[in-house]
Every structure is written in structure tokens, then in C-alpha cells.
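Each of the next two complexes has chain A plus one other chain: chain B in the first, chain C in the second.
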Partner chain A sequence: MRIEYNGEILEFNSPVSGNSPVLELLLTPCVTLYQFICHNRSVFTVDMEFQPIIMAAGPGSRLAELTSKCPKAALLIGNRPMVWYPINMLEKAGFEEAIIIVDMDGQAEIQRVLTESCSVKLHLEYVTVSNTDDGTADVLREIKSKIKTDLLIIPCDLITDISLHNIANLHRTHDASLTMLLSSLPSQFYESVAPGARSKKPLEKDFFGFDEKRERILFTQSEADVAENISVKKSIFKKHPYMCVKSGLTDCHLYLMKKWVVDYLVENESLAYIRTELVPHLVRKQFSKTKVKDRLPQTNQSVISENQKMDILKFSTEDEYAADIRDLSSWNDHHGDMADCYHGDKIRCYGYIQEGGLCLRTNTVSSYSEANRQIQKIFTHTGIETPHLHPSVVLQKKSQVGADCVVAEGTEIGEKVSIKRSVIGRNCKIGDHVQIVNSTLLDNVIVEDGCDIKGSIISRKSVIHQKCEITNCLVGPGQQLNTMGKYKDEMIVYTVDI
Partner chain B sequence: KKDAGSASGGKPEAAGANIKKEASSKDLSAASAVKKEPKRVPDHLKADDAETQKRIAKRLEKQRLPQRTVAQRKVRLFNHLHQYEREVSLTGSFSFSSGGIHPVIIKLGLQYAEGVICGSNARCLAMLAAFKQVIQDYTTPPQKELSRDLEATIKPYISFLNQCRLMSVSMGNAVKHLKHHITHMPNNLKDHEAKKKLLETIDSYIKERILLSAVAISKYVQDEAKIKDGDVILVYSCSSIVRKVLCDAWNQGKKFKVIVVDARPKMEGKEMLRRLVRAGIPCSYFMINAASYAMQEATKVMLGAHALLANGCVMSRVGTSQIALIAKACNVPVLVCCETYKFCERGQTDSFVYNELGDPDDLVFIGNKTPYLNDWRDYNSLTLLNLVYDVTPPEFISLVITELGLIPCTSVPVVLRMKQAETNET
Partner chain C sequence: MASKSRGKQRGEDIQQEDVFQAVVIADSFNVRFAPITNEKPKSLLPLANIPILDYTLEFLVTAGVQEIFVFCCHLADQIRTHIRQSKWSECSSCTITPVLSESCMSMGDALREIHDKSVIRSDFVLVFGDTVANLRLQDVLQEHKKRLQDKTNPQNKNSVMTMIFQKVPPGHRSRNKEDDIFLAVDQTSNRVLHYQRVREQSKLQIPVDVLADNLDVQLRYDLLDSQISVCSPEVLALFKDNFDYLNRDHFVKGLLDNEDIMEKTIHMCVLNDGYTGRVSNLQMYDTVSRDVICRWSYPLVPDTQTDNQGQIISHNRHNIYTSKDVMLAKGCVLEQNVLVGRGTRIGSNTRITDSVIGKDCKIGSDVVIENAYIWDGVTIEDQCCVDTAVICDNVVVYACTSVGPGCVLSYNVKVGPSVKIEARSRLQAAKDMDDDFGDELTEADQDAVSMINYGSKSQAFLHQPPEDSDDEDNDLVQDMFGLGIQSESSTEASSLSERSSDDEAMLDDEELFYSELLDTFVKAKEDNYNTENLILEINSLKHTYNIAIRDLYGMVMKGLIEIPLRDSQDLEPGAQLANVKKNFVRYKPLILNYIKSEESQLDCLHALEDFALSNKTVSTLLVKLLHILYDADILSEVVLIKWHNMEKEEEYKAIAKQVAPLIKWLEEAEEETSDEELGSD
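Coming up: the complex of A and B.
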């Protein structure tokens, strides 16, 4: 009996040479079941270059009020879950499979929202984190057995129209150990005031130091870690006398990483987070030299135990002929000193700076609300075609819905309603004489007559009674706002049940 | 046969494009009439023939490979050669799904296009290392034979590498050798045994014909005392084999000086200079316009080669023929170091009929001065030409040092015949 599985041919020799229909009868369903299981298990073939991992288990600490009842990845932007945008980007790039890391509680919600709002062609493998205190690097350590090739790590809150092959080309050309996506901050997203907050929270900047070609990253430091000065090692300056320091770039948390980094993470358990710990560690280790064992054990002393910390350079293995090729090739990435190509550095970290285009992370309340306000712009950039008014929406006469809004299905809108720069979720009921400007209404919100909502976020199943005036507020899920209430710059969230 | 064809293709080319078209159309009709006769002018030399280009475009589409944008303005004399505009992304049309071009090959193609891997030996070695990886990852589909299917798998990879950068002669010979072994693989072997055999073939090719040949050439130079104490050796641009020879000779204790001559736009001489100085050799550095002044000091000239042609000409980096000419005029002997795997059956008498056209924008940068040619595209009458290779006639070359010994330039067909006999035996 021959079975074809994934390109390999397995042959079973029948144990009994003669006819044994009973045995075959027993074997065939088992074999077909085995085949069924094998084919439906997610198997990464060797030809895949990058294995995408979507990090959707984050607690969403900066979106705390909104994520109390639902995971951050399932929050709706333009009536699609936040995690849908990176999934869409992966689908467009041609990926067929991805691993998505979720929290145990959040998995059901994310799955429900994804299937409800849109069709996802990408085959997602859900992996739950066992310990909620785990950092992103700890998660990589946990799923080490599933990682077969180089990684593409994407956060769930990244909305971008970058074509992945640009950053992949930079990674491939220089055979980099780590490549990250950097983008200049779009000012309007971060300068707007968050609903519910009384003042602007200052945005944390990151400092990046590049070499003269603006590709290789020489150092990285976030503003929080910098007291007054940024210090750079003299040895780095000796190797790279020309350094370009940029402070206006954000790290989009999209990383292309070589497989050996995961092996190193397994060995070195002190690194818990990718952005705050692993990335600066790798950038620093670019310039580390191989440790020379200078002290041999004395002959008359007994060596009880030696603390062998695995040197990172032992993990960064190259192909067998890579050193020969570099030696034979007449190319050098820098001129003016006696050093070899790349200064002989085996670990190389590169950054791809995206000029123009759209790239933003919706991990704070202000960027989340601004993303909803600019949803049509996002749709044009990412090539999504959604009618701004869903065909099933009931719109009474004399009501105006701006072209830059998105209204989802099942919503009923009353008379003389004016909606501008807003996103309205599914099955909402909006009464008459309502004004909604610059706001986000999630699913199943009821807004009664005469209300005036400006610059706010209203979460699911809330009821806004008649003639409310809400300016710049954040209304949590299931809230009820009194008639004729006036709310300004407030956060009306779920109060603890006693 | 081929050299007569390319020579005749060269002469009408100089006269005008129309005559070339007639000759090529005659060739095509002749080819269709007698099907067995090989094409006199290969496809990649017919960039101005619309029919050939359409055929090539269809083939690329079938293989799902990107088509590079053809350069807007080419020098009319070189219309038959391909020149591409520098693209934002070569791999834009590739999806990340499995089952397309193998990722190792994509990486290799990008490194060729960016110039990260540059130099005949380096490119060939990188390509063979990539093919090793491809063969390792390859599994024969059911109902198919490895000998046929593997060749069909490799074909689009070679087209892609060609699209990224024109294949060098060394790469072409290596691919021919590999294909020969694939097609002659006995069918009764199991998959992993056949793959193991192929990997061993590639390994032995790399070891014998690239790496150990360099060692052998260096040894010949040392044994025949081609570098003596007090010599002043002039080298041009960067050649891995010449560098190895000089460094080995220096390490043996010979005392000599080196003059490195360099030329724009690649300025590879700087890299040669860096490596020689790091080895401890005293060097001088000249630009090619001062080559005749430098030649008065030189006692020998040592050149590397991209390929050695069947009529004895040496094809090498553009500027080599000038160096050889000046050396001949100053009575300085010229030694060419070349491994035998770079020997080619082609014959050329000029540098026009077959060459590589580099990116013309490389010529714009002139260091600290203002780039006058920045807006060369705005002037309709101005076209930039960036040739990569040129051909040195055998009269200027005194000696060729190969791993088989010291041979004159004109012995190339003999070596080729010998190697052919060897491969036919195996």
C-alpha cells in the first residue's frame, strides 16, 4: 500500500501475503484518518523563507479602558478587528500560513470577531501563552519547536501599506540577523488629544544611530532610558566614524529575524521582551568580539565547575562558503579603513526606513481614535474597498453621512442626523437630530434623539439617552448615559461590581 | 562555428542596425529551415530584435519571473545588448508563499544586482553554494525522474539570475557541468543517494577547479620564479587570483613592490590596495590615465581574467586592454592568471559584440566635485555608456598561468578539447 504524504511516499507492506480483506478493511480507515490528520496539520515546507508570527496577546495597557472587556487585538478600527490589518498585509504579500499568539481568554473573542467581520484566507494557527506575565521574547522561547525558518514578527496593532518585499530585500541582500521597520511619526496621529484624557501624554521617542548609508543600525536607545546624554562606545566610533542619529523614527515592531536568534533566546533566559531587551541586546552584540580564554586552569588547582555562558557568536552560524565568498568578492560596505567587509561582524542589524506611505501603531487611545477618524485614508492606502455606507443601513431623509465615515451593517439612522469623520459599528440605533463628529461608535450602541457627540469613543452596547452632550469622552462598554447629561473630557467606564 | 557567427554579427552591427536585422532574420529563416543547426547569434545578444524579445518575454512570464524595465536611452552601437533601469525592487512580483523561486536564489540574485557579490570567482562560488542548498531542499515529485525534473526546476532559477545580472562565463561553465551531471544521473538511484552524489560533484568542482586551482597557480608562480626580488608588479583593478598570488609570494619572503591601477566607475582597485597593504606589501596607487607613467616603473604586469576566449583573447574588466597595450609599448611582460574553468568556446575580436552594459548612473558620481552629469537624461543628444568588460588581443599577452601550467594564449582550444574529453569519459 502506498500513501503519498507531503511529497514523500510511504510504503506499507501487507503483513500477510495472501488476501486478508479483514485486515485491509481495518487498516484503510486508519490510514485515511492518518492522512486526513496529516494533511490538515499545519506543516511548513522547507521552501518558505519567512514564518510570520502575529503577537496578539498583549494586554493593551495603554488602551486600558477599552480593553477591559475585550482583547486589544479584537478592538474594531473601521469595523474590522485591529488584528485584521496585519493579516491583510500578510495575505497580500502571499503568505499562506501564520502563527498568532493569543491570550487564553482572548482567543475566542478574536476568532469570533475575525470570522464575523471579514473572510480570512490566511491559515492561522492559534497559540496561547501559558503565563500572562510572559514577555514577547518569552513567548518565542515557548514556541521554539514550531519555528522552522527565519521569522517575521508583526504586532497586532500595526497598520501599514508597506510592501514587505522592500524590507525583505534589505534583509536578504546583507544577510542580516535582524531587520526592523522604522517609520517617521505622522504628527497628527500623536498630537491629537486622546478622548477621556485631560492633557496630552508626551510621546516617547527612540534614538537610532545609522551608518553612512542609513541602513545599518549602530545603536538604539529609547528616550526613557536616556538621562541626559547618549553614550556610544569609542570602539564603535572607530569603526564607523560617520554616524547619523535620528530621533524622529518609531520602531514599528515589525522584525525579520534569523532562526538562530530563537536558539540563542532559549539559551539566554534573561531576555523577556523583544523591543526593550532583545533588540538593544542584538544591536550591542554586533560589535562584540569573541572571548579569548586567557586564563587557563592551573595544573595544581582542581576545576570544580565552569560557568559556560553560551557566547552569542557561537549561534550566529553562517553557510559553509559564506566566508570564502566574501573573501573572493571585491565589494566592501565601507571605505577608508583596513577592515574587511562589514568589519567582519557576523551579527548585523539593519533598519528599513519607510519614507512616505502609511505606517502607524494603534496602541494608545489617541492613535486608536485618530485611526478611526482617518479610516478612509487608511482604506485607500491599504487598498481595502468598503462602501462607506453599508447597503443594509437604514437612512432617513435629511440625514447626512460624510464621505469620510464608515457605517456598518444593520445600523438605523434617524432624521436630520449629521455624521462626519466617524465610524459607526454594527446594529447601532441612532435617533433623530443627532450630531456625531470625529467619533467612534462600536457595535450595538443606541443613541437617542438630540444627542451631540464630538471626538469620543463609545464602546459596545452603550446607551446614550436623549439630549446628551459628549465631548472628548471615552465611554466604556455597556454604559448608560443619562438624559440631558453633559460630559466633557471624561472617562466613563465600567464600575466594579460589588 | 560560433566565432564566425559572432564576428559576422559584429561587422554589420557597426555598419547599421538594418543590416544586422537582415542578417539575423536570414539566420532565423535558415535556422527554421535546418532545425538541427544551432543559432548563430544567441538570444541575449538580440536586444534590438523585437521578435526575439517577445519570445523571451513570453518565456519569462511562463516562468513567473519579473521583467526588468529596459533602459530608455542606449547607445545605438550597443542596441543589441541588454541594459536595464535600476529598479526599486526586483522581487516586487514575488509572493512569499512556498513553491516559487527558492529563497536562496532570490537572495543570491539580489546580491548580484546590488553588487555585493562581485568578481568572477565569487559569483560562481556563490551560485554553486546556492545550488547545493537548492538540491538539498529538493524532493522529486512522484511519477517524475530526478534527472529531468531537477533540470526543469533549475531552469527558472538560472533565468532569474540572468535577469538580475548577466551571467559570467565562469557561472555558465559551472552550470553546464552541473546540468551534465544531472542529466547523466542513473535512474535507478534513490532520491537521497542521487542528491548526495550531486552535492559531492558540486563540492569537488568547487574544490578542484576554483579553490585548489588558485593554490596551484600560486605554486606555479612560485616554482617558476615568476616573481623575483626587486620586481615592481603592476596590477589592474581587483582580481581575487592575482591578490592571492601576490600575498602568497610575499608570505614566502619575496621582496617586491606593487603598483595598483584603478579606474572609474567601480574603483575596485581601492579594495585590492586595501588587501595588499594589509598583507604588508608596499603599494602605489594610480588612476588609469596615469598608467603610461606608472608603466615606466613596472617590471611585470599581472592581470586577472573574467574569461579566456577560444581565439586567445582575454576578456576582463574594462581598461585591461589599455594596460596591456601600454605594457606592450613599454616592453613590459604581461602575465594573465586564469583558472581553466573560465575558458570559453566563444571567440571575439572586439568588445562590442558581447559585453555587459552597466548602470549609466554609476558614471555620474565623481567624488567631491559637483556631479555635472546629474541630469543627463534631460539632454536628448547625451547618452552615457558604462561598459563592464573588454577584450585584450593575444599579441599583448606574454603568458597565461593556469593550474595546468604556463601556457600561451592560443592554447585555449587545446585545453578545452582536453577538458571536453575528460567530461565525456566520466
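Coming up: the complex of A and C.
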């Protein structure tokens, strides 16, 4: 039979039915809902393999100064809302629809910003969270009825040029329960001092223990949670005697997850967050065995109350065919002992380590400002073509705008202005003799003549009066900075009422 | 310019001309092989009919070592004589110098002695005299030297030792509990970050600093420590400076722990090809012998090695090695992996498999020998059965005797006829001479016992391992020989149960916490913690598992009751109670630390209530327990009465009824005291 797919024609020797795993394997990764035209012109659909969910309801607590009046997902990076970057990634991977989880208050703003600044082809289904205190796992529990297949969970603050199919392939190869994206962050993203802060915060390290091939995650532990020693069961070492522990990795909060995990979440309500609770739980559960029933209760031992909760292993059902194929195949994931593939573990967690390339999370003030500074690099990596000066920008004579900057539409720049490594938002007005270096100016900012702005973030509708000197500051929305003011390492967020 | 570069080259030449030296420690400073090693040093014991030391020396000479110092301690004369008579005495490429010192008690002492002699001039190889290996040492040496010349990385430059490991995954027969090691290594530089012996721990502890300071760390549990190390001469000086270093483990630990101060580092390398094995105990003797027979250690195999008498051995199919003048009677079967030494006669219908038989032995007819190591001049009469045993020189096993698994028959022992030697007996021909202090048995008695146990013609006495052995895992290792498979399966079983037990615990932090708490109590008892430390430990546990303080009160109390009950579960209730009481007295400061307020007392009572419901012993003892706690001023009568008067659910009613008499008594007592107080007013 023949299948026409995106203009390409795929030939199969044997007839293929609608949901055949063969078809899924052959198709380009991350196919969502596609129509296939067979040679007999009948149309049939294939269920999507992964259902993308964009988590955009986060309050942005580490960006609190910026998110007080604007939802985190709608914050602009290079004049595009943060959430647009994961959307763009999904579009490029071939997805046609996605669920986006938003805050009740933030939905309108996000929708407005998205339509205003860029065209989104992806069909977004907005789901609002009812309770703002809900964790990420709680959200999954809430939208259970909408979940039809395995999940692809993306945070709104992830900017990466990784091809999703690399992660998907790892997930498929091992028929994993959970696959996560881990990245060795380039050092400047966490080493730079955040605007408004005097010193950098110490970075909390996470430890990830991998198997010999550096794929399967055997344990996770956060440096903050342990005092002196990390203890790992010997039984795990017996299965994986060669373990690699990496400490320089950041969890990008991008997960591929089996559908049963959501079913389990519904049953086990104690897990509220994906990263801090669900993932460590699943990683630990990899090595649990179904209980031996005929163990005699010992008279003198305290009888632990019979567990009412359903065993996680009852949820983790594998595809029958996949299990059969694995049994018949001589392939094994490990060597060194005679055990079955995966040692019979039904739950398997994997981590895809991205080396090189671009991968960053704009979840802190420092990474947010750093992302803006490196915006042209991000654009090249993610394949976005934007002129660094919008055609509508008015640039007076003797002004210079570096090629590493982005200036959005409607902005007017005065005479003898120098702008380097900076992002200027829409409809800003920049006076004469202004210097802007390493800074981010959001929309509608007015900078009067003779100002000097270094390493700072200026939020919307702020007005910087003449000859201000601002170094490494964070200026909140709608602020008025006095003439001749000098500011260094300051958070200028709240207006002082007169 | 030209002259300068030539000069430099010449300098390199001089460096190249460094003599490659090795130090062989021909003593293991333990009694794993007792009683055999009472008469012969371990390094001279035959392995596949060749003294073990010869393998080590052959390995070193082949690897290009030019100067070897053999450090002999126990029965040093024998080793010296052996070296003098061996083929290496006139070896041109290599000089072998025995260093004798009978007073050394440890490897550390030996190295200090060698340091004093100042014979080591450059990087050297440190091995034990019981090593069988065919590694390319030169590569490791070059790697080590390259590291020292690396000016850019001080950690490389300060390296003093390169340890050699071999990849041996868990479950491999070369693994034994004694050499179960676990180490953390930096991925890029192969620097050793953490090194520990695993022993019986069910959880491995990895220091956080090790993981936090290095981006990429390998945790290896699949390595066998060959105990071969390439060392810088500084190693000797370090041993000299730190006289508490008794062995290499101490040295490694000392260096790793004090890395900041000493600024010395240790590196490692894993050899993927090549073979190493150390005859560290009987189990390893078995393993290494088999590896030699199965030719893993090629070229160190029986048919390539000739002793000084020019013994020629032929290698046939199924790894059957026979000397030229072996007499095999009709119908005798050598199945596989068998080595038979010169001048040995084997009777008809005898079946031998996986065994080594020495020179001039006489094996009768209808004998079954499996997995046995029979040395020289041994006589085994008809219809005997030897399974997994070591039989030393000149032993006689009379007819119809069966030698069980794990037996060791030392020199000149005679056993039989028609007896069954119990598994894992270690027999010697002479009686134990020492420690006759408390021995009730007279010599005649011993003889009689021997006759009964080991046959009418026997001359055999059970070897008593010295009890004051300072090796903590002595027994553990001795038990291993001959029982390899069983012990493996039992560990498997225990790990299974461990897994299922933590399965339950994992769902619930409280249960996990409780089991840790119990462990802490047990540990506290063993190690004699003082109360403050114990409280600290418990508090830190509480934080780890995020336990509410109110739950903690109950669990501490429950734990203090459960531990003594668990230890004395077969005893009478009265004795159990006494144990619990003793525990309360012991931990009273601890209890008082937690259970102070009225509220905490109530929490504790509720926990006891729940505990009594789930545990029959506790429920029968509950009244007594409460009484003890009351007497110890841990629970006040006010709280007890309050607790009793509280509204209760159905299931607790029985308990309430049970404790009613006590409460009544308390109430009366209180009334009395208040009456008294009134009266005094």
C-alpha cells in the first residue's frame, strides 16, 4: 500500500491498519493528527502519539518583580512572549494542536500577546486551572478527561533548539514510562548576576545517577536534601554496577510520559508536583517489585496497616506486542549478567542529555535577562528570522544599534544613541545621547535624553527621565525615574505614593 | 640551540633508563589459610602445582620489571631458599632480592622497612605475592608517568598511585565478599574520589561532596581490586610519616580524606583485557586455580610453565593436563579441567572433574573427586569421595571416606576409613598447642574425639581459629569456601525481601522513618551512643522524612518497646517486660527529652494504644508498660486519667477496659495525696 504524507509518498509492503505500531515507527516523529491518503483514496486517521501540554500557569515566583502585573508566560523575550518559544518548537516538530494550561487571570493577556506579536498556527486549547495553589501534577489530575495518549509536557519558559524526535526516540526505544530532557546549561546563564541583586545566588545542584549508557535514570537527589551522604541501595548497584552521576545538569521540565502515569496520579493524590514529587517517585519505583503475597505475618512484628493504595505496578501496563517483541528479540539493554532486558523492571525513567546546542530556562531574573542579551543567538538557533531593526523603527542620525540587538516596531530612537546587546520593545521612545548596554527594555518605555542604562531590565510603560544612570537594576512596570538619578543594583518596583 | 635540544634529549634518555622496580609483599598478614600456612608461607602454596609466588614473579619479569624486592615475613627463610633455587636466581634481565623481616605485622610495616632501606629510586609496582596476572604493566606505568608530567593539572601532577582494577560484574565467581569494593571515580581524569569496602551494608553511602565537586562521577560496583598498584616513591615516605597506615586501604582512605592537606591524589585504571586474580582466601584459591586451568591467565598456564625439574605437561581437550609419567588405570575418567602432576597413579573407574592433583599421588579405584585441590604425595584409597576440598601434602584418606565440601586437610593428616568428614572442617595433624587454659579436653580425650569423628586410623584434629583475631571478617570469608552458590542465592533472597520490605515503606515516609528509627536504636545500642548523639540522630531523621513532632513522640516510644521485644521474642512475658523496663531506664533521658508536656504524653499514649492493637504481646503487657512509665515519671497520673476518660472509638474500648484497674488505682492514689495535702493545710 502507499501512503501520502506531507507530499512524500511512503511505500509499505504489507497492508497497514490504522493503529499499527509499524506505522508509528515508520512515520516521522511527533506526528499529531494526520490524514493519510491511501492509494484507494480512502482516508483514515492515526491517533497522535504524544499529546503536548504547555504548562503556562506558573506564577513565576523567581521572576516575581516582573510578573506582578503580567503573567510569566506573557513576558517578552526578544519581543516575543516566552510561551511562544515552546509553541514554535511544537509547530516545527509537526504538532497541530496542544493543550495550554493557563492561569485564570492570565489567559486573556497571554492570548492577547500571542496574537499581537506572532502568528501561531498551532491550535491551542486553553485550560484554566481552578485553584492557583495547584501543583503541576495536580493540573494533570484535573485535565485527565482530556488526556487520550501519552503526554509531552513542556514548560512555558523553555527555549531550546533540540529536535523533539531525539527525546521521542529515546522514549520509544526503551518504551519508557518517563523521559526527561536534561541539559548542561552554559555557565553564563547561572553565573551572571541578576539585575537588581547584589550577589548571585548559589546554585542548587541536582544529582542524576545514570546507567552505563547515560540514558536511564537510576536515582535523583537534590543537593539541598542530603546532609553528608547519599545512600543508594546495593540492590540497585547489583543491577547497574556502573553508575554515572552527573551534577551539572538542569532539568528542563520537559517530559514525555506514559498515559498510565496520569491514571496513577488520579489514584495517588499525595503527589502534587511533577518535578519535585512525581519524578523522584517514579525513579524510585523503578526498582520496586510486586509484593510477595505469601509472606507470613510475624507475630511479634508490628503489623503495618494493609496498604489501601493501589500498587503502582498495576498501572504500568505495557503494550502486549511490545513486550512480546522484546521477549523474542535477542536485544538487551545491559550486559554483564544473565538477567532479562531491563531486569524485568516495568517502570523505566530515562533522561536525554543535551550536550551543546541551545537550551535554557528563563525562570529566573538572571536567566531572563541573559536570554534577552543573547537574543540573536537564540534566533539563529531556533531558526527565527527577524530583522534586528523593525522597518517601522525611526532611527535618527549618528545612532548605532548593534547587530546583536532587537528593536521592535514603532520605536523611535534619537540622535547619537548607542545600543548594544539589548532588546528594545514596541513603541519605545529613546531620546538623544542615550547609551543602552546589556539591557532589556519592554514595551512603551520612554527614555529621555542623556540616560545611561547598563545591565538592567526596564518594564513596560516606565519613564526614565533625563540623565539617569542605571546600572544592574530591575525597574518594574510604570515607574518614573527622576532626572539625574543614579541607581545601582536596585529593585525599583513599587511606586512610592506621595 | 642544537646543543641545547641534544642536551634535553639526553636528559630524556636518562629518564628512560630508570630501573623499573617492583615490591612484592609475600605475606598477607592474616590467617585465611590456617592451618596450612602454619608450616608453609602462603606465597609458596601450590596453585595448579606451581608455587603462587612463581606466578607473581613470572608476571613481573614478563612485564619488564628489572628489579624485584620480595618482602618476606612469615617463614621468610623458606621463601628465600625458594627464590635462590628458582630459575630467576640466574635471570639476567631481572634481579630478585628477598628482604627478610620476621617482625613485621602489616603491609604498612613492610613498606616502612623498605623505605628505611632506601632501595626504591623511581616509580615502582606494588603487588602481593599471591597475584596471578598477565597485564601489560608498562602501559599503566607510562600512563602514571605521563600524569606526573602534566603541568597543567595539579591533581594529575600530585598523583602518587595508580590502582589497577579489573571489570568483574556482580555475580561473577571472582567476586567475594571480602573484596567487595565500591568506588567513585572522576569520569575525565580517572581520579579516585571515594573508596570503600562494602561488606554487609545494604545501602552504599556516597559522600555528597564527591558528587557536588565533580561534574561527572562514575560509581563503580563492578570492579575487582587487583591490589596491583603503580606507586611513586613518595608512597613509601607517606607510609613512613603516617605510622597508623597498616595496609593500602588505610593509605587510600587517609589520602582521600585529607586530600586538602596532603595534596596527593590517587588515580585508577580499568584494564579491559588481561587477567588478574589474587589468592586472598580459599574461595579465591578455588577461583584462580580454575582460571589458570581454563587458560584465562595465558601464558601463565600449566603447560607453558616448567618447574626447575623440567616437568613437561601436555594440554588436551576439555582442559585435561597430564604429566608424562602419569598412570591412569583402565576405566578411569578425567572429565574436564583436570591437572594431574608427575608420578601420580589413578585407579580404575575413578572419576575426576574440575580438580588439580599434585605429584606422586596415589588415587585408588572407584573414587570420585570433584572440584578438589590435592597436593603432592597424597594417598586416597578406594571408594572415597572428595568434593570441594583442599588436601595438602602427604595426607592419607583411607577407604570409603567422604570428604565434604569446604574441608581443608592440612599436612600429614590421616582420615578414615569409612567416615564422613563434616563439611567445612579444617583438620591438622598436630593438636593445637596454644591456649590450653580453659580447654577441658585432655590429650587422650582429644584423641578419642578424633577417632570418633575422623575414623579409626585417623590422625586429625580440628583446627581452632584463634578467637582474638583482629580481622573482623575472618569468619565470614572462611565460610565462603565451598558454599559459593548457596551464599549467592541467599544474598539474592535477602535482597529480594529487602526490596519488598522497602516497597511498603516507600509509600509512606512515616513507615520508612520508623524503620530507620529502629535501625538507629539498634546501632545506638551496638555502638553505645550517648543520649545527645542519639537525639541528634533522631532529630535529623525527623527532618529527612519530614515527620511531625507529635508523630515522633509516639514512634520513639513504640521503637523503644519494639526493640527489646524483638530481641526477646521467644522469652516469657515476664522476661520480656524486664527487658523493656531495662530499655526504658537506659533511654530515660531520651524519652524525657521528647515527652515533656502533657500533650506529648497524650500523643505517646495514643501511639501505645495503636501499637497494642496491632501487636498481641504489647496488648497483653500494656498495663504493665503504663505502670513502668508512670513509675519512671514519664507519664503523669493526670494525663493517664485524662487519656482514659477521653471518648474512644469502638476498637479502643477493650484497651480502656484493660487499663481500668490501673486508672482506678491511680485515681485513688491521687485522692489520697490530695487528701493529705488538704490535711496538711
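One rule holds in what follows: the second predicted complex is superposed on the first by the 430 of 498 C-alpha atoms of A that agree within 3 Å, B and C clash if a C-alpha of one lies under 4 Å from a C-alpha of the other, contacts with A are read in each partner's own complex, and residues count from 1 in each chain.
FYI, a residue touches a chain if its C-beta (ideal position, glycine included) is under 8 Å from a C-beta of that chain, and two chains touch if they have at least 3 such contacts.
Note that the coordinates shown come from a computational prediction; the quantities given were computed from them, not determined experimentally.
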item	value
Which of chain B and chain C A:A64 touches, first, second, both or neither	neither
Touching partner for A:H165 - first (chain B), second (chain C), both, neither	first
Which of chain B and chain C A:G94 touches, first, second, both or neither	first
Touched partner set for A:M484, first chain B, second chain C, both or neither	neither
Touched partner set for A:T173, first chain B, second chain C, both or neither	first
Which of chain B and chain C A:A108 touches, first, second, both or neither	neither
Shared chain A surface residues [contacts with chain B and with chain C]	none
Partner chain A, residues of chain C touching it in the complex	169-171, 182, 184, 187, 198, 201-208, 211-212, 214-222, 495-500, 502-504, 506-507, 511, 540, 544, 558, 562, 565-566, 569, 611, 614-617
Residues of chain A defined as touching chain C within the complex	184, 205, 207, 209, 223, 225-235, 237-238, 241-248, 284-285, 287-289, 291-292, 295, 299-305, 307, 309, 336-337
Chain B-facing residues of chain A, complex	4, 7-9, 44-50, 93-96, 163-166, 168-169, 172-175, 319-322, 324-325, 327-332, 335, 338
Contact set on chain B toward chain A in their complex	88-92, 94-100, 102-103, 106-107, 110-111, 114-119, 121-122, 125-126, 128-129, 133, 137, 139, 141-142, 206, 211, 238, 240, 268, 270-272, 274, 277-278
